[in-house]
Each structure stands twice: as C-alpha cells, then as structure tokens.
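Same chain, two partners: chain A is paired with chain B first, then with chain C.
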Partner chain A sequence: MNDNAMQKSALSPAMPWILAAAILIVLPFIFTGGGSITIMNQIGITIVLAMSYNMLLGQGGMLSFGHAVYMGIGGFVAVHVMNLVENEYMWLPLPLLPLVGGLVGLGFATIIGSFSTRKAGTVFAMISLGIGELIAACCIIITVFFGGEEGISGDRTMAPPTFGIEFITQKEVYFLIAFWVLLSTFCMYLFTQTPVGKMANAVRDNPERAEFVGYSQRWVRYVSFCAAGFFAGVAGALFAINYEILTEQNLNLNMSFQVLLATYIGGVGFFLGPIFGAILFTLLQTVIGLQTDLWALYTGLVFILMVMFLPAGLTGLFAMHMIPIQLGRVGMLIKPYSKIFFPGLAFVIGIIALIELINHVRHHGEEQFMTLFWVEFDTTSFVPWGLFALMTIVGFYISRIFAKEVAEAWGEATFVEGERS
Partner chain B sequence: MSVDALKLDNVKKNFAGTEIIRGLNLSVAQDERHAVIGPNGAGKSTAYNLITGRYQVSSGKVFLKGEDITNLQPYEVKRKGLSRSFQITNIFPKMSVFENVRCSLLWAMGYKYSFWHMVGNQSKLNNDAEEIIEELNLKDRRNTLAGVLSYAEQRALEIGITIAGGSEVILLDEPTAGMSVSETEYIVGLIRKVTEGKTLLVVEHDMGVVFDLADRISVLVYGEIIATGTPTEVKENQAVQEAYLGAAMEEH
Partner chain C sequence: MDLFIINVIDGLIYGLLLFMLSSGLTLIFSMMGVLNLSHAAFYMLGAYLAYQISVITGFWVGLIVAPILVTILGAAVERYGLRRVHQYGHVPELIFTFGLFFVIEELVQYIWGRSMVNYDSPESLNFIAFSLAGGTIPAYKVFMLLVSVGIFVALYYVLARTRVGMIIQAALSYPKTVESLGHNVPLVFMGVFGVGTGLAGLAGVIAGPSLTTFPGMAFLLGSIVFVCVVVGGLGSLSGAFIASLLIGWLQTFAASYNIGAADILIAMGYEFPKDVYYHPWRDLWTLTLPQIGPILPYILLILVLVFKPNGLFGKRET
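The block that comes next holds the complex of A and B.
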C-alpha cells in the first residue's frame, strides 16, 4: 500500500459504511420491479448468514456443516415471540426481534460450542454435521416448538407499530432488514479488529503456535463460534420477519450446505467475500430459479469450478485484478479478455442450451416447442441440437486457444521485476 | 541463593514403552545463557516439548522460578513467563509480519479474550509491536505475509514471536539451523540483543554459535545430561569428547 492510499484509508474509516448505507437506502428506488424487493430482502438475510458463517470458516478455520441450525433456532423462537406479541403476552417492537433471534442463536451456540470447539478440523466438522442432523430430526418430532412438517407461522404486522410503521409492505421490511444487515456487518467487522478476532486468525493459521503465545485455541474458537451463532440467529429472525414462517427446511443440512456454497463462492479469505457470494447465490437461486428448474445444477457447477480454478472466490478474482490495476497495466488484459469473451460465451450458452434441451425432452417431452434465451424453437428438429452442439465444441476449442493468450498476458501484466531484494 | 529460573528434576519420558528421556536434571540460573548440545536424536527437542507442555512428562518435575509447571498446557506455561521457539519454523503464515508480532503480544499485555477492545486503537500494543519489528530488522517487511518471507526472515520472526510479551525465560530450538554464515551472524546478534537481561536456554548444533553465546553448556546424550559446565570445562571434559564432541570440536 502506498502512502497516498494509507492516508486515504486513515482519513475516512467511516466512508465505506456511509457509502454502504447510501446504497442500501437508494436500492429499493432503483429496483422497483415486482419481485426485486423480495429478492433484495432474501439477499440481505443471506448476507448476514453467510458473513456469520465466514466468522467460522474464513476467520476461524472452522468448517461447519450445520450452521443453518443457529439461524433456524433463532428464527423459530422469533416466530414464537411474534405470536406471543400478537396475543399480547409480551411487548416488543418488531425491529428489535432480530436481537431476540441473535440472543437465542448465541445461547444455543454457547451450549453446542462448549464441546464442539474442543477440536478443529474433521472432529469439529463431524460434530456440526451430527448436530445439524439431530436438530433437523427434532423438527419432525418436537411439534410443539417446530410445528412438524408445516412449520410455525406468525404475523409480523400484529406487533405494536414502530413510529407508526406496521411493516405491512415489503419495502418497510426491506428497510428493517437493510438496517440489520448494515449493523451486523459493522459489528462483525469490529469483531475482526478485536484481540480475540485477531487470535481467531492466528488459531486458524497455526493453532499450536497460538497456544505458545498464551492463548487456548479452544477458547478462541469458542468465542468466535458463539459470536457466529449470534449473527446466524439475527439472520433467522430477519427470515422470520420477512417470510412469517419457518419450517424444517430452514435449518436442515441442505440449508447449511447452501450457506457454505454462498460463502465459498464469494470468497472465504475476504471480509467482504460472503456479501458477494450471498448476492450471486441468491440471484442464481431466485432469478435463475424462475427461468429453470435446474438452478441447483448450475449453482453446483459454479461451486465446483470455483473450488477448482478460483479457490479465493469472486472477491479473490477482484483482488487478483488489483495488481495489474496498481501497476497500470490493465490495458494489456483488455485485448485477450475481449478475444476470449465471445467464444467463451458461445461455449457457456451452448452447454446450458444442451442441458436445458435434454431436461425439456426428458420432463416436458409432450411439448414440442420450448423457449430458451428468448427464442422459441422446435425440440424435435435437428437444427437446435446441432447448432448448440457446434457452439459448445467450437466455443470450447477457440476458448482453449485464447486461454493461453490470456495466461501470457496475465503473466506480463502482473510481473514485477526484482520484487525480492 | 536465588531460585533457578528453570529446573528439571529427574524428568522422564516414555514413548510406547521406550524411554526417550531417562532422568533429566538441569538447572538454569536467572539471567544465564545456557546451551544444550548433543547428537541428533539425543532428545533435545523432546526435552523442550516436555518443559513447555507440548508433551506430557511421564515422571519427574519441571520448575519455573521455583513454581511447579509440570504438565501444564502450553498456554499456561507461556502465561507463567516461559516462551519458546521451534526448530521447524512455526509462524502464522497467512498473517502479516506485524500481525504475527502483535498477536504474540496480546495475552502478555492483558487483552485475554477481549472482544471489546479495538486493537488498532491500543497505542502501547502497536508501538511495542513496531519496536519488535524494528529490532528484528524486518521493518520493510512489516506488511508482508509471513508465509512468503525468506527463510532467514522467518527465523527472525520466529524469534520475534518468542520474545514478544517479555517472557523472562526464553527457549530457542536450533535458531540458526540451515542458515548461511551471514544469516547466522544476523540471528546470533539478534538473539544477543533481544535476550538481554533474560534467561536463555538454547539448543544448537553450530558449535561456533554455542561457544560464542553460552555462559554454560549441558551435553545431552541418549536422554541424559552427561556434563554441565562453562564452555572451557565442557570442551575439556573427557566423557563429552568421547561421546559426542570429538569431530565437531576439531573445527574450532
């Protein structure tokens, strides 16, 4: 980092937060379409959940397969509290409900973490998997609390109005969620700057050495784990507010894997990674999910490709490009990038089209015509099959050739002579 | 007479029935620089692991400034004022040099598991960390990830992590292993500087370094101390020469 950049960041530590707040306020006025607020609410919830998950995976080196449990429990209690408020057994304005969810998540994490954080690595992962299964099974058994298969539902609008707002519209809920997203993100950021937050990184990197500088690795993990539980609980309560229903699906292993996926796609090594992951994942799930039944397949493919070729995630991809930008050599990349763009796009479209064609014939074979990429065509004709297969093969072949050029240009753009003295 | 800074009383260690450490007795006085030498496999690193709680002692006692620290956890031993380095570099590779040093200071400066302090605002903590980095001569590597430092720099950082937090008793495990002559000079100078006024126990293979640095030397052979004394005494000791020093001594 040069002096100029240092000065900038020292001058305005509040700037990114003000900017984030401004973006959150403006967003619902830009994306006004019917479903967009709903999607943004979902993104907000996923952001809080994925960021809390990254406190474990990215910051603390704990691979959890059951993080949705803490969100789920927080959410279920939040719905119950909502019902208590509705029936006037207690008084609580809706905007404070996430705090309740958080405390429940924290409480539950305090119990589970007391034994699960004893060891890291495989032991921790297996315990989290076991707890995840256990709680998901409890959902069906303990119907008083979890409501069985239909879950528990409530009504957020029955809470006492906050400054006259009753949270009837999605937009009102959006601002509630946006507030908590910002607050949670801010708190989680502050956590990374505390002694125990720093030691979480140290324990992740080298647990043994952390012990030899005076810290019990178990306690360090435990504190992170409890904090992550708290914010997962916040996400759960936000979910409860947004959807007014929680079911077993919100805390089962499938949900936990989705959190893992979203966080990983975003990039576990970066504080902001889970935010990008949550956005991309939710868009895949909702926008792509509306277009095709196969969204989970595409998400899985993106995940596998990320793990194989881009383990640092989306944020890692941005961060990679900071080097040529700082060196002022982005120009060198534009040509090879634009060269590979069209063959690459042809390949992606071709392969998606083939997958969709096969899926259409297998599951909707009775309909002769299908629409894909805004074009309607005859699935029984040879033309689309041949065309898409050609696109896939030629696109792949040309991309391979240009990929070498990209790699060479990349090497040149990031080459620093005599970096080491 | 003052209490020994570190004292091992008939410490034994078995691994799967085999006695690796066979009754180790060692006293290191306050402010002394004490070296342990011995052939490979003599049990030097094992002795360190027993002292610092990495391994459990099978029998015997370890005392730090008169206090029994036998079989405490590594972090408890550290909190009582004993700090160690490792033969194989043992740092926090994905953290910057600065973060490595700062993390090593946290407990000693009383922050414990705090999640209510912002480390960025703790001026004493940050100044101390900067000072240590300055001492290590790693100032222009301050923001570099520890994992990509050169070997000698990593060894220096290893020492920095060990001395950060001002432990009174420092155990160094082969600090100059695998280093060039100039790097060795740098590290020895560094050790001398940063362990000023502290008790030092050092395991080392380089006899030049040992005789240069140590006030007293103990010779460990097959899990037992066969001699302890000043460098001259040890050099002249018949048993030591037979058991170990012979070839190594002729070079000096």
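The block that comes next holds the complex of A and C.
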C-alpha cells in the first residue's frame, strides 16, 4: 500500500513530460503534410527561443530588446561548424549541433552579461538594445563570419549519419527538433526549481529584500542571463539545422521584437506561457501571412491591445478563469460570454474587412474584384463597404453594452465572502 | 580646412535635429519615468503627415499643421494607452511603447506604401545659401538650423521663465512633491507627452525633405536618439543637448573622412595581403571609417553604460 503510494508520487511529476513526449511523437503522424511539418519545426524553434526569453522577462524581470542576438550568434556558429564538418575538418553528428550553438550562446551571454546585468530595468533594456543594434550592424561589416547581406548557408545532410539517419527529410529534422524542444523545456523547468531559479523570481519582485536575505541581485541576474543565452543558442542551432541558412534578419531588432511578442502573447510569468505564445504566434505568422500581407499590422495591434488589457497574456486568461471554476460559478459566465461573442466577432470581421478593402483599393486598385473570408465581391460597389462599416459600428456598440454585463458577471463569479473590505 | 568647416555645420544641423527628438524624450522620461521607445515613430509620422499636407497646400502649411496633429496624436496615446498601462509598472510601459513603434511603422506603410515618398523642400528655399571652396550649404539646411535653434530658445524660455516650465522643472527633481502640491499631474503628463512627441513630429517635418521620407526613417534615427539620451544621462536636458551634438559630429565626421584600417596597419609595419578578398582578415583590411560610422554611437552607448551607468550628466538613478 505504502509502496504503491510512493510509486504514484514518483510517477506523477513525470506524467506531464511523458505526455508531452507522446504528443510530440504522435504529431507528425496526424499532420502528415509537408507544409504542416515545416510549420511544426518553426514552432519548435520558436518555443525554445520564447522560453529562454521568458527566463529573462518572466522569471528574472529583465526586459531585453536584443534576445535574437544570442540565437543568431549561436546559429551562425552552428552553420560554420556544419560547413567544417562537411569539409571534414572536424567530426560531429548533427543531433549534437544544438549543444555547440548553446555553448556559443552561453559564452557570448557570459561576456555581455558581465556588465549588462549590473542593473535591471531601463539600463538593462538600453544595453540590450545597443548590443542588438551593434551586432546587427556588424553583420554587414564582418563578412567572414556573418556573410554580409546574403548570410551564411550550409548543408546539414553532409554530417556523419546518426544511427543511419542523414536528416534529409523534414520529418527526420522534426524529430531532432522535437527531442531538443523537450530536453530544453525540461532543463529550463529544472532551472526554475533550483535555488538560483527561485531567487530570480525574488530579485524580479523585490531586489532589495533579496539583497537583505544575502543574495547578490547582480549575480542572480547574471546566472539567469547566461542560462537564457544558452537556450537561445540552442534555438539558433536548431534554426541553422532546419533552414540551413542564417542572415542578418535572424538577429536584428525586428526578430527580437517577434520574440518579445510571442512570449508576451503567451503570457510572461507562467512557465507554459511562452509555449502557447510560440504556437499561436507562429500559426498567425504562417497561416495569416499567407492570406494577407498586413499580418504584421494585425499582430502588432493584437500585441498592443494585449499589453493594455490583458497584461498576463493568454495563459493568464486561463489562470484567471480557474477562480470561478474552483468556486463552481463558471456557469454564470457562459451567458454573458455567449452574448458578447457574436457582436464582438462582427466588429472584428467588419474592421478587418475595411482595412483589407482600403489596402486592396490603394495597392491593387486595377483588380476590381477581391476575395475576403472566402467570398468574392466587387470593390467598386457600395454594398461591401456599407455592410462592413455597419458591422463594425453596430458590433462595437453592442459589444460595449454587453461588456458591462460581462464585467458584472465576472465580479459576481469571482466574489469571495469576506474578501471585500 | 574647408571640409572641416562644412562638416562642423552639417554635424551641428544633424546634432540639433537629434536634440529636437532627444529633448522631448528627456522631458517625457523625467516626468513619467518612461523611456518612450516609439518616439522616433512620431518623428516619422510628422514627416509623412507634412508630406500629405504639402501635396495639397504646400510646404508651409504642413510645417505648422503636421506638428500640431502629431501633438494631438501623442496626447491621445498617453491618455488612452499609456495611462492604462502605467498601473502595471515600468516594464509593461516600455513594452507598450516598443510595440507602438512597430504598429506606427506598419500603419505608415499601410497608408503611404513601402517605398519612399516625394516630399521636397519648398521652392523658395531651393538655392545655395553660401559656398566654401568646393562644398556648398543649401538654404534649406540654414532653415533647418534656424528652426532648431528657434525651438531650442523657445524650449529654454518656457522651461526657465514660465509657470508651466517651473512645474515641469520641479517635477524633474521631485515628481512626488509636485503631485502633493495639488497640480493636476495627469494633465501635465498628457501635455508633456504631447509636446514631446510634437517636437519629434516637427523634427520629422523639417528633416523629411533633406533625409528623405521613407518607412525606415524612424528606425534609422530612433536608436541613435536613445543613445543620445542615455549617453547624456537620462533625465538631463543639458546632457541630452551635449550628447546630441557630440553624436551629430561623430557621425558626420566619420562619414566624410575615408580613413581605412589598411592605412593604419601599413603604417604599423604590416604588409598588405596580395589576395585580400580571400584573406582571413579581409574585413579588417578593407575596413574604413565611414563603414564603422553607424556603429560608433552604439559603442559609445555601451561604454558609457558600463563605466558610468548614469550617463555623462545624469544624476538620477535609472
């Protein structure tokens, strides 16, 4: 009996990891298309990068505007190593390449972190911005290492085969990436459980008290920073393996912004947040990116609104709903939620359609017809303009009325006796 | 020597332009503790709005109206965006302005397209003001100089001689005390944010014709402006002024003197390699001063932050 209970307690912490591994193994057999495996590879890389970013922002309270640099440097070295292996100057099986990228990221972070982690907040953010701009500008100057504007490319299939696998197909690469995603996530989870991982949270929330307890806030930040650099380097090497090319685009400010975006949308401060963020962001980027050339505008707007109204991110939204679920009052929310859903949807569709219509007329004016939401219509007639404008205005107006009901219902559903004082 | 004088003037104009942005940024930071990362986006917005107005009515109306529009937009961003985010703390505020930068950049591309627009200086200023053996200074640059100096004087007057300026100055050093003295701090915040972004807009209006108006212009100048305020010391107006001029000259001189690393290396006794394009140190041998000009400000930024984290003239803990 006692033995059984012990076994159970030893098994239950491992359960999420076994489940995650099972999902990762099964996924490529469900989504078999070449396109979907490409997207999944991209998601995997973004997950590692976003989680490493969250070690800084979410767990350590350090806002970095240059995190893509560590991924980029790791990736560039990985491509160079790939080329060295191809020319038989050195021997390294491909699955170990992320380790090389990680060590490079770690090394670079050790140097930069030695002075940038002295302070958190604005100073840290500005140093990260400066380093990011500096390295991005160096890409064009130091062509031996960065390859100038066309970047550096390699060939992953030339590495010595690992157990007979030469990583020619996307699926083989998928399993390599999946393995490293799982391993990195596991290591990052372990990091949060170490004393320094816990102290990172303390330093984020109250550096002064952390100092009084006897920890150097600078040292704690430095260790988190180096660890984040390591995993960013791993992501860079995975990128190098998947795309076989790295350019300046992979480490500039725009890329760093995308990392911040993916992490923030998922929810900083939650361990699982960046995973959701990376999945959602990559899907938005690839799926919506195929539909419209305005996807960057939409993601930017969603991001801004998120910072304003939902600072805890999507994971935070789920976490918020745990309270009414625990209180058993989730039923109270269903009615107002379903009431606001359709006007809200009408507003979103209306405004997106208007944006797309204007974009079409301005930049593809010669084509009279356009297809939007699987419907083809005439852009010169009044009907679509009037309809979408009506949807936008009425949708917005009704949503605003129902938003009050939602707020009231939310207040009631999360109300705890005696808490209000 | 003549090239030197031309460079001094060019650098001064560029530096004063930088100061028009960094002064607004410094005021906003001093008041609200927020480093407005979207500041350069308002500069770009000013240039584009002035272009749109100049197409309809000519340059001079745009010069007046566009900065006012940017001021209103900036105030609206503070009122409806930043004030909301303020409650979550400083890091979300930084993230908000950073995101806003990209949204404005995308919006500008959405409205005016991805290529540059044809925003020109007015006909009446299309003549050469004076020439110095070999180089010439167009009248428009003199105009830019006059506007920048005018703004500088006006800003100084408002800050040093008016009641509003006194409140702002007081808030620079003791924001909490000003609040408890009963001043409407949210209104002052909104005003300072609006005026700060309006100054950036004005900089865009006058810089647009000479530095070309294109979607990358915010990015090009934006990070340099942060370098100015951080190097000068966050919250210090005089520091921002000196740093702006310093960086203006640094960049102008670096761009116009074609000193190569090869010259220095040869002078040190190294031999120029035969096949330089296959040489492992080829980047070092072909390196020139104009090439590293754009990265000099960032090197300066990192050095200053490492050795004097408060900046050259900053007193405030950041």
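We adopt the following convention: the second predicted complex is superposed on the first by the 406 of 421 C-alpha atoms of A that agree within 3 Å, B and C clash if a C-alpha of one lies under 4 Å from a C-alpha of the other, contacts with A are read in each partner's own complex, and residues count from 1 in each chain.
We take it that contacts are C-beta pairs under 8 Å (C-beta built on N, C-alpha and C of every residue); 3 or more make two chains touch, one makes a residue touch a chain.
Keep in mind it's a predicted model, so treat the numbers as computed, not measured.
**Q** Under the stated touch criterion, which partner chain does A:205 make contact with: chain B (first), chain C (second), both, or neither?
**A** first
**Q** For A:360, select first, second, both or neither according to whether it touches chain B, chain C, the two together, or no partner.
**A** Touch partners of A:360: none, neither chain B nor chain C.
**Q** Taking the superposition on A as described, I'd like to know which of chain B and chain C A:303 touches: first, second, both or neither.
**A** second
**Q** Counting residues of chain A in contact, which comes out ahead: chain B or chain C?
**A** The larger set of chain A residues in touch belongs to C.
**Q** By the touch definition at the top of the document, which applies to A:216: first (chain B), second (chain C), both, or neither?
**A** In the superposition, A:216 touches chain B alone.
**Q** Following superposition on chain A, which residues of chain A contact chain B and also contact chain C?
**A** Looking at chain A, the two contact sets are disjoint.
**Q** Touching chain A in the complex: which residues of chain B?
**A** 52, 54, 73-75, 78-79, 83-84, 86, 90-95, 99, 102-104, 106-108, 111-120, 143, 150, 161, 164-165
**Q** Considering only the defined contacts, which chain C positions touch chain A in the complex?
**A** By the definition above, chain C touches chain A via 35, 81, 84-85, 88, 90-92, 94-96, 98-100, 102-103, 106-107, 110, 113, 219, 223, 226-227, 230, 234, 280-283, 287, 291-292, 294-295, 298-299, 301-302, 305-306, 309, 318.
**Q** Within the complex, which stretch of chain A touches chain C?
**A** 57, 61, 63, 65, 115-116, 118-119, 121-123, 125-127, 129-131, 133-134, 137-138, 141-144, 253, 257, 260-261, 264, 294, 296-297, 300-301, 303-304, 307-309, 311, 355, 359, 362-363
**Q** Which of the residues in chain A come into contact with chain B in the complex?
**A** 1, 190-191, 193-199, 201-202, 204-206, 208-216, 219-220, 223, 227, 420
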